[in-house]
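Below you'll find the structures, each written out as structure tokens.
What follows is chain A paired twice: with chain B in the first complex and chain C in the second.
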Partner chain A sequence: MKKIFSLTGAVAFNSFMESVRNRFFTLFAVFAFAAIYASVLAGVMAVDQEARVLTDFGLALMELVALAYALFSASSVLLREAETKTIYLVFSRPVPRSAYLAGKLAGSLMTSALMLAVMGLMHLLLLKFRGFGVPPGYAWALSGSLLKLAVITSFAFFVSLFSTSAVSTLVISGVFWTAGHFVTETRFLAESSGGAVAAALKAAIWIIPNLQLFNARDAAGASCALGPAAFFSAAAWVAGSYLAAVWLISGKEF
Partner chain B sequence: MTRLALPAAALLAWSAGAVVSYGYYHSPFPPPSEIRTPAAGAAGDMFALAFGARRLFADVWFIRLMQYYGTPELQEGETESSEEAHERINSAGRYPDFLARARHVLEIDPGFVMAALYGTGSLAFNMGRPAEAQELLEYALKYSPREWKYLNVLAAIGYSKAEDPAAVAGAITPILKDPDCPVMLKQQAAFLNKKIGNYAAAAAIYADIASTSRDMAYVRNAERELQKFSKVLPAGQRRD
Partner chain C sequence: MSQHAVSFSAVEKTYRRPRLLGAVYFTGVKDLSFEIPAGEVTGLLGLNGAGKTTIMKLIGGLLFPTAGKVKVFGQSPQGGAAKARVGFLPELPYFPPQVKPGDALSYYGRLSGLSGADLDAAVESAMQRTGLEPHAGKRVSEFSKGMLQRLGLAQALLHSPDLLVLDEPVSGLDPLAIHDIRGLLAGLNADGRTIFLSSHSISEVEKLCARVLIMVRGRLARTVKRAEWEAAPGGLEAIFVEAVR
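Up next, the complex of A and B:
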């Protein structure tokens, strides 16, 4: 068991360092900083609500930038490792496929966490520069974004094992992300319609993860704290995707 | 058997997440049937829901509301009388879409207290449409029933209908120190205090506007008023 953890840690660290060295990672950081700075314009337009606009714009942008990188990374990493034959080298050693996949997923999540932390720091510095303090519930908003990223990244890993290209994985995961924010509306529609439509909508509610559960940045004040249910659901959905991915990867010939 | 164990475990884990989420999560937002886009911007509303960015798009709608309210209503070829010019400076125009636009901000983000106070104050005290202001407040209260600031403004609207400026100023006063208080409401409170002869209180509010607001129009007006008060008030009560 200890050996499995050690192997998983090694793969995770390697995957994390590979992401950090990736040129795309630097570009995203530069882009995020430039775009957050551009939000100053929107802040000026809001006059006395500048702090709120800067906060909302920055948090939304950070999440989207981290999402773009996480999806790009998750959809291409396994395909790239198969193309470069790296995966054959790994599996020629006594590395269980479950540990390899767990390591890749953990590396990707560590990268997302680092991205959010770096962008969050830039954002807070920008707010401080404009004369504002740390917005209430800021850490919860970032935690919620990380939980969302964990759910969607693990799902993208699962999809990448049966989709034909990185693009199709990106599209499927992107649609899933969008649908995940519509679960509340889907629930309302299911309750207000009947017959086959209601049944289909109810099925969708069970299949699609409710990402609004983690959307602390859209809540206000004390209500933005994430409850234990949010952490449990995120862990369950990540575990579900991971186990399904392990099932798929264990049937593949490498 | 082992081959089936993994997908079964995956399904079980996924279902556990769904069950907990279904039982725990109750949306604090209005249902989609209540969202009525008052102007071009339905695509923005879609993005607000699709990306879970309600607050951000509520901000955009609020900026649009302020731009709408800050735009003179004259059509091409129309001329402005001196009375209309006076009304324009006090933003007391017709603005027929104001209620719909202000309500839409709350439809997207019902927790946007400042927008509700701004919309209500503008309708009730600047445009003289207390019924619409009350309608907006009732909608805001539906999603934030414990918001004391709404109740105070509701009382202020009642007093304004009874033409009791002292009571209106009294009802607004507790809100003035709150970070959600729009500068427009502060201006209103200062004006009412001045009207009833409570110059010290008016000067204190103008001083607060001058030192905290980022809206230069209000800041300049507050500075002008403070200059006038400096000639009227005894030295101990001056705020400049």
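Up next, the complex of A and C:
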């Protein structure tokens, strides 16, 4: 077991370092800075609701930027490693495929966490510059975004193992992400319709995670916006996607 | 310990390529049986599409045979015990351009189960053996093709494997790099390591190998020992041309 953890850690650290070295990552950091700066301009226009607009706009942009990076990374990493034959150097060694996948997922989540932390710091500095303090529940809002990213990243890894291209993984994961923010509405529609439509909608509720559970930023001011259900749900979705991905990769040839 | 480093027994590998409606199948290798004796340098020759890379990947555990059995030191190539004894070099290996050779080797060393002082010593030894030591401060992006191939060999040597599986180890290299790599492989074989290499270069195989397998359209057409090609008029090239025509 110690050996498996050691291998997973090696893959995770290498994956994280590759992301940090990547110019793509730098571009996102620059974009995030510019986007948050734009939120200051929007905040000025909000007059007496400036603090609220700045906070909400900044948190939403941070989540979208981190999502874009996480999805691009998760949808292309396995394909790229197969194309460049890097994966040959890994799987010709005594590295269990489950450990490799866990390491890649952990590396991607470490990158997302770093992105959120750096962008969060920039956001707080901008808020301070505008004369506002740390918004209540700010850390919970970032934690919620990270949980969402964990769910969508693990799902994207799973999809990338059977989809034919990075673009199709991106599209499928993007649809999954969007649908995950409308589970409440889907439930309402399922209850108010009948027949095959209701059955299809009810089935959709089971195969789509309720990402609204993680939206702590919508409940600004709450001291502990994320309940145990959010953590349990995220853990269940990550574990489910991971196990499905392990099942796929164990029979995959390179 | 098995006296054969590798054994193929009635191995078949069929590839499936999905299409819009159904799939198409084509054969990579068929009815393939051979052994690679431990401690020997064995070469694999064949035209493009003859099945050379398929054989290499089957030994590396990257592909699963459709039928038959592949054994590496008497064990399944998918198992950790067999993989721990194999060093694998794919054709034109890739390394991230931003890293230094020592960092890349440390990563692959960790994946081979090395850590601490053992890892440092293995990285240093592999760099020294492959002549990468003077370039330790450079990034991979500054490396020539020959240096990349040396780095590929270094990662395969890290865990002191008993068997080296090398897919086109001298492909695209200049004469000096080929000479150096040939010397390195000869030294490794003198240390008792089994080497199995594929190549398009008949002269290289002729210089290094004790035995050569010639593949034609997925099947083993001939197995030739050094004494045979040394006695044959036209050498190994004549035997190869006759086999593939």
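To be clear about the criterion, the second predicted complex is superposed on the first by the 251 of 254 C-alpha atoms of A that agree within 3 Å, B and C clash if a C-alpha of one lies under 4 Å from a C-alpha of the other, contacts with A are read in each partner's own complex, and residues count from 1 in each chain.
As a convention for this text, a contact is a pair of C-beta atoms (placed from the backbone, for glycine too) under 8 Å apart; a residue touches a chain by one contact, two chains touch by 3 or more.
Here the structure is a predicted model, which means the values were calculated and not measured.
Please name the chain, chain B or chain C, that touches the greater number of residues in chain A.
Answer, by number of touched residues of chain A: B.
If we overlay the two complexes on their shared chain A, which of chain B and chain C does A:Leu7 touch? Say first, second, both or neither.
Second partner only.
So, does A:Ala236 touch the first partner chain B, the second partner chain C, both, or neither?
Only chain B is touched by A:Ala236; chain C is not.
Considering only the touch criterion stated at the top, classify A:Val95 as touching first (chain B), second (chain C), both, or neither.
Second partner only.
Figure out whether A:Ser165 sits in contact with chain B (first) or chain C (second), or with both, or with neither.
Neither: A:Ser165 stays clear of chain B and chain C.
Under the stated touch criterion, which partner chain does A:Thr26 make contact with: chain B (first), chain C (second), both, or neither?
Neither: A:Thr26 stays clear of chain B and chain C.
Touch test for A:Ala244: chain B only (first), chain C only (second), both, or neither?
After superposition on chain A, A:Ala244 lies in contact with chain B alone.
Sort out for me which residues of chain A touch chain C in the complex.
3, 6-7, 10-11, 14, 18, 21, 84-86, 88-96, 253-254
What residues of chain C sit close enough to touch chain A in their complex?
57, 60-64, 80-81, 83-84, 86, 88, 90-96, 98-99, 107-108, 110-113, 115, 155, 159, 165
Provide the residue numbers of chain B that touch chain A in the complex, in ascending order.
3, 6-7, 9-18, 20-25, 27-29, 31-33, 49-56, 59, 62-63, 66, 109, 111-112, 114, 182-183, 213-215
What part of chain A is in contact with chain B in the complex they form?
Touch residues, chain A against chain B: 42, 45-50, 52-53, 56-57, 60, 64, 148, 178, 181-185, 187-189, 192, 205-207, 209-213, 215, 217-221, 223, 227, 229-230, 232-237, 239-244, 246-247, 250.
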